[in-house]
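In what comes next, subunit A is part of two complexes: it sits with subunit B in the first one and with subunit C in the second one.
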Partner chain A sequence: MSETLMPLWEVFIRNRSGMPHKHCGSVHAADATMALQAARDVYTRRGESVSIWVIPSSAITASDPGDKDHLFEPTASKPYRHPTFYTVPDEVGHM
Partner chain B sequence: MSMGAAQLSTSADSSGSPGRAPQAAAATLFAYVLSLADDALVLGHRLSEWSGRGPTLEEDIALSNLALDLIGQARLCYAYAGEIEGRGRDEDALAYLRDEHAYRNLLLLEQPNGDFAMTMTRHLLYAAFLDPYFKALSASADNRLAEIGAKAAKEMAYHLRHAAEWVIRLGDGTEESHARVAAALDEVWMYTGEMFEMDAGESALSAQGIAVDRSSIRPTWEATLARVLAEATLARPTDRWMQRGGRAGQHSEHLGRLLAEMQVLHRAHPGASW
Partner chain C sequence: MYTQGLNSTDAAATAHSEDPARLGRFQNKVDVEDKVEPNDWMPEAYRRTLVRQISQHAHSEVIGMQPEGNWLTRAPSLRRKAGLLAKVQDEAGHGLYLYAAAETLGISREEMVEQLLAGKAKYSSIFNYPTLSWADIGAIGWLVDGAAIMNQIPLCRCSFGPYARAMIRICKEESFHQRQGYEIMLTLCNGTAAQKQMAQDALNRFWWPVLMMFGPSDKESLHSTDTMKWKIKRFSNDDLRQKFIDATVPQGHYLGLTFPDPDLTFDAASGHWRTGEIDWSEFKRVLAGDGPCNRQRMHTRTTAHADGAWVREAALAYAAKRAKRADRAPQAAE
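So, the complex of A and B:
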């Protein structure tokens, strides 16, 4: 498949109102309208969604896997950043 | 028996031919519901022939989704038709154990898939009709048909959108895609007239508010096609002699082969399930 004619789109689905859109996969499509339809056809077949976003994969800026040492490793030694010292009341719901 | 059929019997009773009239009315309603079912099943089967052969993975799944919508509509209609008939025929008996000449589907829907442009063109022409048709049917005086119409209208709205977007892109695409979709439009146009035909039985049901007057759908159909074809840079074919006969069981050579493939398993292993 030609990446020029049918580029890749990242698909984000919102399962329920109030929840965030989550990345669920990608589709090939000629343009945004067709990408939305393809996403609907491929990723919402079992009635699990209320909203879809599609974004050109080329529009995503990704971190370099080679940078993981200085981007992510330093946080491993900082457990105090985890909010595990708090009790979240049930009424808060999803955080 | 549904409330709708009961209403129908009541109105037929009051027409002054006790005894025979309800039977005649039931036969008319049966024939009408059966034609809706046959339309849905034949086109659904046609689209299912794309499974595993779609032009892209995404479109392969999309075509199967469309097929399943139609087969679902067919099942609802066959089940209801079987109840109206009251002779114990269920949806399987009606779908798998009737021959070509007993099928009442439109000729348009049995036409071979051809290339992708042909499949989408056929689908556009039909979905542009069926979407407003089912919306109108959702107001039927027959509750079961109203329910089927309401459910199917939502499905057909997406069918129309999907087929229209593809026809627009094929028509306004490359020289080759334009040529293919233009040829497809020209080839199947002669099957579109049959969508708007009604026999005496269907006309009677329409007069009672049970069926939808097919001619009332034409303005919407024309407007949809005008919009889509203009965007697709395609010309609406001029009306000419129209093929007909599907509703009377006179089919093209293609339906027999379709049914042979669709029915062979059930006929070889009656009642098989898995």
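So, the complex of A and C:
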């Protein structure tokens, strides 16, 4: 490679509906300010967003897809965490 | 937009050299329509095919700005200029989404750009045709983007997650492109005889090259089995081409234009429009680098890249300087 690699940033945007910031893609930029501007140009050309976060991709720690069975096992074996696990008589109505 | 790269897989990395158990698990995952994500295990040939395919797609978006950019300063009204500018900006954005999707497979954007500039990576043949009149902008939006949509909608269900997600975004934006092109054609066709003739001339020049965008005929496309099996590609070249023809011919007739194909007929039995034979020697020539504008397109791209080098260097140097200063004089968090 003849050129220095331009750092990579992950882009998160929050739309008008008040939902949390959601990952929408990535951009390359030399610093955070330029990353924000690039993210605006690339991911919000049609009013998709009221707020943008950019985070250096290198700062993200991700789980390993190969570990997913044991990593998420505790949730699969605990049906008692869900409301439908418990019985409420019909006469009581909606609860 | 432009996926002629789907027509070949890398012979060098055949699936046979890999662990059959892993391959089996991978294929099962694909068969049940689970998405393959960047950190998942995947066959080397799947990875390489996608890198080539997605990067070619990205290069096509980037080079595709040139034929349309040619008319930005000469658009006939402010409304047309604003629309065209927005479209060209979208193409840049699409290129960037796609480069990012390819990067998740372990190739850097700089490497992909280098492959394009070195002539090692291809882009869609259609962008090697010139835009000689304003009507060509209408024809490109209507036909080239129309063909791209046909190609891209099935790619929204591609087995590779980042590519599929990029395609969903792109398809949403592409529909504006086609409509703005058709509106340009409609306006010209409702105008003076000379304006209508411009529209006809654009259709005459773009029709066949647009049909070639779908790639070689299924009879000649030898490598599509792996990409079909891996659910990168969902429909054959000829199937997509036929869908496009069936959708587009009535639109052209509504404009009052004729297609430059004496053999074009409606086959009532099958419900399909049948075209004459495509001139595949032209397709091969343009792909091999000898189309009307290949050298000009590459020259423009290479010059733009070289002219921008100092900007990239300056931005990096500035970021490095700021980071160094921040190290030296730490401040309380704001």
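In this text, the second predicted complex is superposed on the first by the 66 of 95 C-alpha atoms of A that agree within 3 Å, B and C clash if a C-alpha of one lies under 4 Å from a C-alpha of the other, contacts with A are read in each partner's own complex, and residues count from 1 in each chain.
The rule is short, and it goes like this: a residue touches a chain if its C-beta (ideal position, glycine included) is under 8 Å from a C-beta of that chain, and two chains touch if they have at least 3 such contacts.
Fair warning: this is a prediction, and the values are worked out from it, not measured in the lab.
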| item | value |
| --- | --- |
| Contacts of A:30 with subunit B and subunit C, given as first, second, both or neither | both |
| Dominant toucher of subunit A (residue count), subunit B or subunit C | C |
| First (subunit B), second (subunit C), both or neither touched by A:4 | second |
| Where subunit A meets both subunit C and subunit B, residue numbers | 1, 6, 27-31, 34, 41-42, 45 |
| Subunit C residues within the subunit A interface of the complex | 37, 39-41, 86, 89-90, 93, 96-97, 100, 103, 108-111, 114, 166, 173, 309, 312-313, 315-316, 318-319, 322 |
| Residue numbers on subunit A that touch subunit B, as the complex places them | 1, 6, 27-31, 33-34, 37-38, 40-42, 45 |
| Subunit A-touching residues of subunit B, taken from the complex the two chains share | 56-59, 61-62, 65, 158, 161-162, 165, 169 |
| Touching residues (chain side subunit A, partner subunit C) in the complex | 1-8, 25-31, 34, 41-42, 45-46, 62, 64-66 |
